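Common to both upcoming complexes is subunit A, partnered first by subunit B, then by subunit C.
Take a look at the complex of A and B:
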């Protein structure tokens, strides 16, 4: 896993093509795609796909505020009890970055709010469960400008809810100005 | 003040606002099929931690084993099952993921069994509380290579080991009542043969004698018998796994089963020879099922086998599987029970053992 991540980062590093006149951190919006390891009752973290939207508001030359919203879903179970699980998360991270204009290492942290919904089909008998969970959102990764108008970031992190954690790895693409 | 409010926002947990009186779990309906349905809390005291007076399920931790084969468990953490109670009419706790349902079902199956033990002549206080370890680190390299698709009872340590299913099933293994009862049957057999759930096994870890291999097969055979007869289902695996080799209504016979002496004769020549205790154990369990069919009384069939195990234990040779078969027949009252046992012994064990007590009966 670490090997693959390393190769991905090596591939990304020379891609950053920000022009000299671009600020290191620019306003941006975009979409995110990746995977999340969702905590379950037994303490394990099965994977689920995750999509989201994000924005970036510069705070000075290197720091930023990053609101984001994400959705993950996972189906599990069998014929006797099938589970349709949804996980929604909204978060705002305060981040700072360091590095070159082409590629910057970034860290962010902030509050998050998660909403989980599970629908269970017990052979025609429906059951529902919901959970609202405030928590802490934390991320680390690389911010990679692509020319003057595009942004591609890879960020790994997670969020807490109650006393447990979810982990995610997201690729963020968007436009900057 | 603002900082304090922010901290509360971070750490505040929004648990269920209603107190549950039921929890959702797998159960078996009157038609013998599995369903999910609300069941009363019973002895369950903490749904989040999956804990009650019958025991607690822990996650992770480390299982160790000494040279005698005694097992120990340490370092397990508390479960954190997310759930909701959203219906004020039923007050049923509903888990947010499948693993929560599996863990609650495991406890629920123990609850059902605890309520039936006295019907079978057992004192539940001998066996409960009994804890379980979910996906712990295991002491045996061979076991670690097979970390999925299994459950186990740890002798001497007196706890269950539950492992995650690799492949999704309609009824996950830990939620299968028959598999829970099979593992509990190991606890009963251990207690019957050594007299204490915390006592060491009569054969040490890794023992490879003819006696020890017979004993491990009888362990499996009794566990299968216990599950099948308390559930009155000879194929209790079927809801989770298609295993015709373990269906006790099958036409199993010793002709296709390797016996300990044959295994030991070739074990040295094979690199990773591992005794498979199940085929021989299944012959004994199938004999118990034959008895249940002949007498139409599953409780009586289990009592017959249990009594035989106790008498055979007193005879002092726990590696003498044929001695158990002989004792079983000798103790059975003349009539359908003994006829059934003699018929099964002849059909299933022909060529390997002849029960002397059957000579004048059939």
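Take a look at the complex of A and C:
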């Protein structure tokens, strides 16, 4: 399923209206949906769904500021214990883009702030751990304008949380003006 | 006869490398109307069980096809032993002597047997820069960097042992270089790439190889340009 989703995302790249019809980077807001490889205590990165919201503020024709907020969750039940993990992140990225067609290749970096919750149930008393940490948010991908009003971006990246890394792939849909 | 063929195939499979991640292309997409056939041979040292056990590089063979889609964009597929990869190449900038492209790809490597199997899905995001060499511009130098998200999977389905599946995600990062020489419609190339697994400590993986491509068709002007 994830493979077909990836192929669909790649197929979206040449989509986009002609360059003259829309400015390279425009103000936009929208929602994000995707998956995150969430660092867990064992050092593995199990995949979890991620949803979020984002906005874009142009800084010239090619660069932009992009505030975003996202939430991910993963629950696992086993014979010995069940795990409940949640991850919240807020970030602001400074990005720049380039393109010879309407679709633009973008790279952004900026500060982030993460909150992580882990609950373990079933090993005697329930165990809960919380962690706040500033970090670094970095992303690369494609900004795909769909006509004058719609935007569909495909961005891969990650963020640091204390000394660990999370990796994500998000599809950002929204409106531009 | 069939048994001999099967055993030969199994030996060949065991001796082959894993997913291939060499810099097989430059940053200049084929024009609409053009297409290209390509064959490549490489040696690679990755996390293949045989490589890990014997500490030797393994060979890999690939066959590829590319086609111009629209101006600045082409797509391609490659098949190799027990795997395949599809990609889209987009030249998004020209910086001085360099053409710069990205080539997002989706690859699948799988080795199934009746009772068990394993493999991985790779989502690659390379950036490739290409510049001409020499006054006649028949050769070019390609430099690439790439990040690859890899989802491993393995499954077991045995009446005695039971059934189950497991997965693991890793992020790979690296880069490579390539030289391409053009002879009319022929393209001859050589490449070398290194890759590290950022998700766990381990040796540096590398791939080195050579390839031969034949460009067919004639460029045509896009209707939408």
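We take it that the second predicted complex is superposed on the first by the 157 of 177 C-alpha atoms of A that agree within 3 Å, B and C clash if a C-alpha of one lies under 4 Å from a C-alpha of the other, contacts with A are read in each partner's own complex, and residues count from 1 in each chain.
One rule holds in what follows: a residue touches a chain if its C-beta (ideal position, glycine included) is under 8 Å from a C-beta of that chain, and two chains touch if they have at least 3 such contacts.
Values in this document were obtained by computation on a predicted structure and should not be read as measured data.
Peer 1: A:162 in the overlay: touching subunit B, subunit C, both, or neither? Say first, second, both or neither.
Peer 2: Only subunit B; A:162 stays clear of subunit C.
Peer 1: Does subunit B (first) or subunit C (second) touch A:98, or do both, or does neither?
Peer 2: In the superposition, A:98 touches subunit C alone.
Peer 1: Just to be sure I read the superposition right, which of the two partners does A:44 touch: subunit B = first, subunit C = second, or both, or neither?
Peer 2: both
Peer 1: Using the superposition described at the top, list the residues of subunit A that contact subunit B and also contact subunit C.
Peer 2: Looking at subunit A, the two contact sets intersect at 43-44.
Peer 1: With touch defined as at the start, can you tell me which subunit B residues reach subunit A in the complex?
Peer 2: Interface residues on subunit B, with respect to subunit A: 6, 9-10, 12-15, 24, 26, 34-37, 50, 59-60, 77, 79-84, 86, 92, 94-103, 134-135, 164, 168-171.
Peer 1: Taking the complex as given, what residues does subunit A use to touch subunit B?
Peer 2: Listed in rising order, the residues of subunit A that touch subunit B are 38-44, 76-81, 83, 85, 111, 116, 118, 120, 122-123, 125, 127-136, 160, 162-164.
Peer 1: Taking the touch rule as given, give the residues of subunit A at its contact with subunit C in the complex, in rising order.
Peer 2: 2-3, 6-7, 9-11, 13-14, 18, 37, 43-47, 98-101, 103-105, 140-142, 156, 158, 165, 167, 169
Peer 1: Would you tell me which residues of subunit C are touching subunit A in their complex?
Peer 2: Answer in residue numbers: 69-73, 86-88, 90-94, 100, 102, 104-106, 108, 121, 123, 125, 147, 149, 151, 167-171, 198-200, 224.
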